[in-house]
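Scroll down for the structure; my scribbles are underneath it.
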Amino acid sequence: MNEQSVSSQEQGTQRITLGKAINLGLRRAMERDPKVLLMGEDIGPLGGVFRVTDGLQKDFGSDRVVDTPLAESGIVGTAIGLALAGYRPVCEIQFDGFIFPAYDQITTQLAKMHYRSRGKSQVPVVIRVPYGGGIGAVEHHSESPEALFAHTAGLRVITPATPADAFTMIQQAIASPDPVLFFEPKARYWDKADVDVTAADQVLDAPGDVRAVVARAGTDVTIAAYGPSVTTALRAATAAESEGTSIEVIDLRSISPIDIPAVAESVRKTGRLVVVHEAPTFLGAGAEIAARISEECFYHLEAPVLRVGGFHTPYPVSKLEEEYLPNLDRVLHAVDSVLQH
Amino acid sequence: MNEQSVSSQEQGTQRITLGKAINLGLRRAMERDPKVLLMGEDIGPLGGVFRVTDGLQKDFGSDRVVDTPLAESGIVGTAIGLALAGYRPVCEIQFDGFIFPAYDQITTQLAKMHYRSRGKSQVPVVIRVPYGGGIGAVEHHSESPEALFAHTAGLRVITPATPADAFTMIQQAIASPDPVLFFEPKARYWDKADVDVTAADQVLDAPGDVRAVVARAGTDVTIAAYGPSVTTALRAATAAESEGTSIEVIDLRSISPIDIPAVAESVRKTGRLVVVHEAPTFLGAGAEIAARISEECFYHLEAPVLRVGGFHTPYPVSKLEEEYLPNLDRVLHAVDSVLQH
Amino acid sequence: MFTPGADGVNAPVGETDDDLIQLLTPDGERVHHQSYSPRVDHLDRVALEGLYRDMVLVRRFDTEATSLQRHGELGLWPPSLGQEAAQIGSGRAMAPRDYAFPSYRELGVVWTRGVDLRSTLHLFRGEDHGGWDPNEHNCHLYTLVIGSHALHATGYAMGVQRDGDVGTGDPGRDRAVVAYFGDGATAQGDISEALTFASVNDAPVVFFCQNNHWAISEPTQRQSRVPLYHRGRGFGVPSVRVDGNDVLASYAVTAEALERARSGGGPTFIEAVTYRMGAHTTSDDPTRYRTRADEEAWRRRDPIDRLRILLEREGTPPEFFTGLENEAEEFGAEIRDYCHAIPAPPIERIFEDVYATEQAQISSDRAWLTEYLAGFEEAAS
Amino acid sequence: MFTPGADGVNAPVGETDDDLIQLLTPDGERVHHQSYSPRVDHLDRVALEGLYRDMVLVRRFDTEATSLQRHGELGLWPPSLGQEAAQIGSGRAMAPRDYAFPSYRELGVVWTRGVDLRSTLHLFRGEDHGGWDPNEHNCHLYTLVIGSHALHATGYAMGVQRDGDVGTGDPGRDRAVVAYFGDGATAQGDISEALTFASVNDAPVVFFCQNNHWAISEPTQRQSRVPLYHRGRGFGVPSVRVDGNDVLASYAVTAEALERARSGGGPTFIEAVTYRMGAHTTSDDPTRYRTRADEEAWRRRDPIDRLRILLEREGTPPEFFTGLENEAEEFGAEIRDYCHAIPAPPIERIFEDVYATEQAQISSDRAWLTEYLAGFEEAAS
């Protein structure tokens, strides 16, 4: 390892992109634990198609940053074996739409190994998945399949919305003894923010659920969102403010589990909830949230919970994605609807 | 083809099991359309592990009842190719837990081919999946993964609850120009009922959505269920009747789409809804139903929608499945809860 | 005889390999091969000029599309630069009744199937997920999920068998299928399963693997320790390795494989050794993983150059080449005009053709969006 | 030399095959093999008696478990009857530090790993999804999803490499991994991907495929046109075919493969030709797909019988056999007693170990069930 080039030793706050934050988080985790290794297609010399692993093979070698054969089932399946041998593999899936060849390994093996063995076999595998739309890509490159993993017990599904969270949460994911699906909002890879590059250390001692956070406090309507939709929700809050509406934005950060108490707490205050995600609403994470909040806040809700998300179609051609995605206007429309109810 | 042994030419009503009803439905479809063929593991001389294809290879030959290599992705992938060549393949997946190697083909190819080609390529593939628990089986043999398919647009997901529906719906599935996941409630394979073996013919002219039916009319509480849970719901209705509660049971029959108008119509009458399915409730079909009914019947609901289903765990060992499954007591408990609310 | 890797750079897996079929050297010399040379005997000068024209026009299209992407007219483009011989040779060996399942880089194949190449722009412009009618051309759409279409090809071939269109001896009836994929794809389970299904069913399908040395940034060595054409044999599928920059050899081995398939002899695996001279796609940066020297070495084995030398030697007049240059120039202009004129798809397209029959969830989602958009119009009016 | 299929019934794919390694014929005759015989030279009579005892006790357990299933004590049982030589031979070739990844029929393998065989009853009684501590025995749990564990084995082997426990020359340090699967499994994409990953990484893993002629009702011919051991070669994995009913040959080829793996020589693919003499599982009905004659022919090649003949010829006294019979009898009784005494699992088990750390959804589901059950108790009291 080339000590010189390891920049994460720097302390304090840096202004970096979300992609760079993950890169730095991976680096930190690899420095901290020699058992951490990265696997995936084109993550070595190329640094991944989004350059998230840029420079890591150079510094940690090709045994720890492994360019694998082009086979997702093989990547996750061998990662499980490596985990059984005591390693902590972090797999990169190149795009959301290419995770499905690994679906069997994730669903029948990774998710169930700990249960099957009654805790004897831990499989702390992290699967990084750039997800979501808005980058003008071709088919299979813009999907949001998180619900297809969250429904399966044994997996944790988390997704950061900001560079600071990306930096911390990737390290939490790697430190977790449970398998974690780590969904990265690819449209936000280039978003920049200040990140305290020493911040993650304290959260690593208590692995477990990633809790929701109030991204912006408000009193009239709650918006629960995650990943790429948090930005949209925050924009909606800003826009609504000028019309006198105070929106509370909850960044869920975790889809399995979903921090229902955090949402309920907000809804008991606001009485109104809009859930936003890019995935199709039909059987999406928003369905669970709407079902739970409708049940638990039955007497607090002033209006039905509304969901703003993808339609029940494949992700459309990119020329139509602006109309397809839960954009600012659609979120504001839902906010108006719950207010006018 | 040996005409003698083709028993489905018989007219009128027969008392048969659900498994036999599917067998007869397959036979009918194969007689009707020479392009229909069956593919799967052990479906030939063995007749499938549940004997659902019993006798069909003998009568239709091994080109139309194909014992495939042991590879689910291969089965569905080649079925797609056969469909592109004008055939109507019906794939058998041996058990629910073994569908996942085919998940990529189903999700990225089968579901999206028609959309991708703007209707130029139809892929009328049916995938039969024995699903659900209650048969004392080992791991991977008792799961209910329907939500993992229903979330993906382009697929139809249906499931019969009775022999008569099994007979008709398998033929509807085969006649459908859309790909269909056909979930068979394996614990009900041996349930017997009268089936009019000429009944299917009329429904085949109008392929499209399979609608919900009122399996039992009632006025106080609605139970929406599907597949193996319909029997439990009906038993609950009988039990509740003796206590003076009138339960309406809706057999949904389709999970994609879900016949929300049918449920809403019932709920507008009863004001109370319990949804029952074996799949884990977290992000299960019940979440969508609860979300939609809570939204659409906001002012009609006297109590929150309750869901009775699997816990957020892998399907447990069979010695514990009675406690795990949404059994009669748990359904009645939910009914009591919505009544007492 | 040219041996891949003989010049020391970026040798294909397996290094020197006497099994490589070659009928035309990089220097434009014909090589005699006992069983394959007869397969190109009937190609007279005019036919060879036709192959040359194919390659030149396809390359022209490719160059034009790459530049359209640079000008923001396309979201992405996967150049086929350097792979023209493998694609044109194999594609021209197919009969109209045969069926092709391309991957996403098979511009040359799609051309041989009579598809208007401009249809390929729609996908990469983000305006369509497909672009042409597969049945009109017996050419399936591009498949982006690596390896999955090899199973579709195999299934289609099983359909051809069931149609009785194999082994009848009637050239107007017998048909076969070709599945195209890359070296990287060979690692995917689906490719192996396709080999299994094809083998046990004797399906009339040819697996045409273009080993272009790269799966994005990964050299073929990351996918296999042994030459890729060994793969087929482990599944009982006869296998052959051909110089994929040699249009004649690519034609010959494909013609032979197709003939065997159509006559009921079952599948064949072909490894065509070629080189992706361009970037993986216009989003890629090859300088991160390969050297200029590598690229240069392969440029000297250009598939078009060597046929030109042969044609010149065999008497093609200079006018042919200048005429073709003009044709290519016009072609380029047409492409640009066409691309600029592609209209944006209507919003309704989001919901069209998700199902072949109306589905309630689509109906309600569509109704919602229609009403929502109408609300804006009302507000605006 | 015995040739599979030479007696005309149910020949393994590939029919006669000179490559088949055999050191002991069905008639109990030793066969000399230049490279493999030396691998069993050190096995003296006592060692052979040990292998015999292994096979007899494992078969006894298997018979007992099958009968326990018939008596309703188990939900299911997958008999290993007939496959004892392949399993004991390969299992005994492993060192304690090696690691096994069995499928679900590897009773003999699990025995060689020192697992109390009675632990296997828990799974089939529906009382546990596993049954033993994998790390205590360097033996992974049974995997029921066909083929998937071959990738786990390969990944584990990649871990062994990273631990530096390959090629050190220190027998107390170097380790390898064995992945067990069947003929049917070879069709699964995961097996092919495992071969790819193992090959390109030179991973110390041995793929031990028991070709027992059947994948439930499907004969091996439905999975492959060529002998299965050809498969490995197409991935660059050295491959060998062994008589799987010959415990000595199974031992020898596995020992060699393990030695190569441990010393850094990479993976090996072994096809052990054997026969599933029982039903697929106790739920299966083999009369639907195979004949008594088939079964009889293979009974004449019983792996235990042939070793007994050898032992008798090489001077094992009759007391050994009677003593072993008594031991087996006692073993049988112990198994029954143990099985009957397995307590039902507590309800809390549903929620235990889904996650290694507490997870909110589990907590709330568990809390709900606890409260719900308490309600019944209250009602009852």
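A, B, C and D label the chains in the order they appear, each numbered from 1.
In this text, a contact is a pair of C-beta atoms (placed from the backbone, for glycine too) under 8 Å apart; a residue touches a chain by one contact, two chains touch by 3 or more.
Here the structure is a predicted model, which means the values were calculated and not measured.
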Which of B-C and A-C has more C-beta contact pairs:
B-C
Measuring between mean CA coordinates, which chain is farthest from chain D?
C
CA centroid of chain C to CA centroid of chain D, Å:
44
So what's the Cα centroid distance for chain B and chain D, whole Å?
36
Averaged-CA centre spacing for the pair chain C and chain B, given as whole angstrom
40
Chain A residues touching 2+ other chains are 68-69, 71, 73-74, 97, 100-101, 104, 108, 112, 115-116, 139-140, 153-154, 256, 282, 311-314
Multi-partner residues in chain C (2 or more other chains touched) are 128-129, 145, 187-190, 193, 196, 200, 222-223, 354, 359, 361-362
In the complex, chain C touches chain B at residues 128-130, 133-135, 140-141, 143, 145, 148-163, 189-190, 193-194, 196-197, 200, 352-362
Over in the complex, which chain A residues touch chain B? Could you list them?
73, 97, 100-101, 103-104, 107-108, 111-112, 115-116, 139-140, 147-148, 150-154, 256, 279-280, 282-288, 290-291, 294-296, 298, 303-307, 311-314, 341
Can you list the residues on chain D that touch chain C in the complex?
186-193, 196, 199-200, 221-226, 230-236
Could you list, by residue number, the parts of chain A that touch chain C in their complex?
41-42, 44-47, 49, 67-71, 73-74, 97-98, 100-101, 136-140, 282, 311-314, 316-321, 323-324, 329-330, 333
For the complex, give me every residue of chain D touching chain B.
75-76, 123-129, 144-146, 184-185, 187-190, 215-218, 222-223, 283, 285, 288-289, 344-345, 347, 349-351, 354, 359, 361-362, 365-366, 369, 372, 375-376
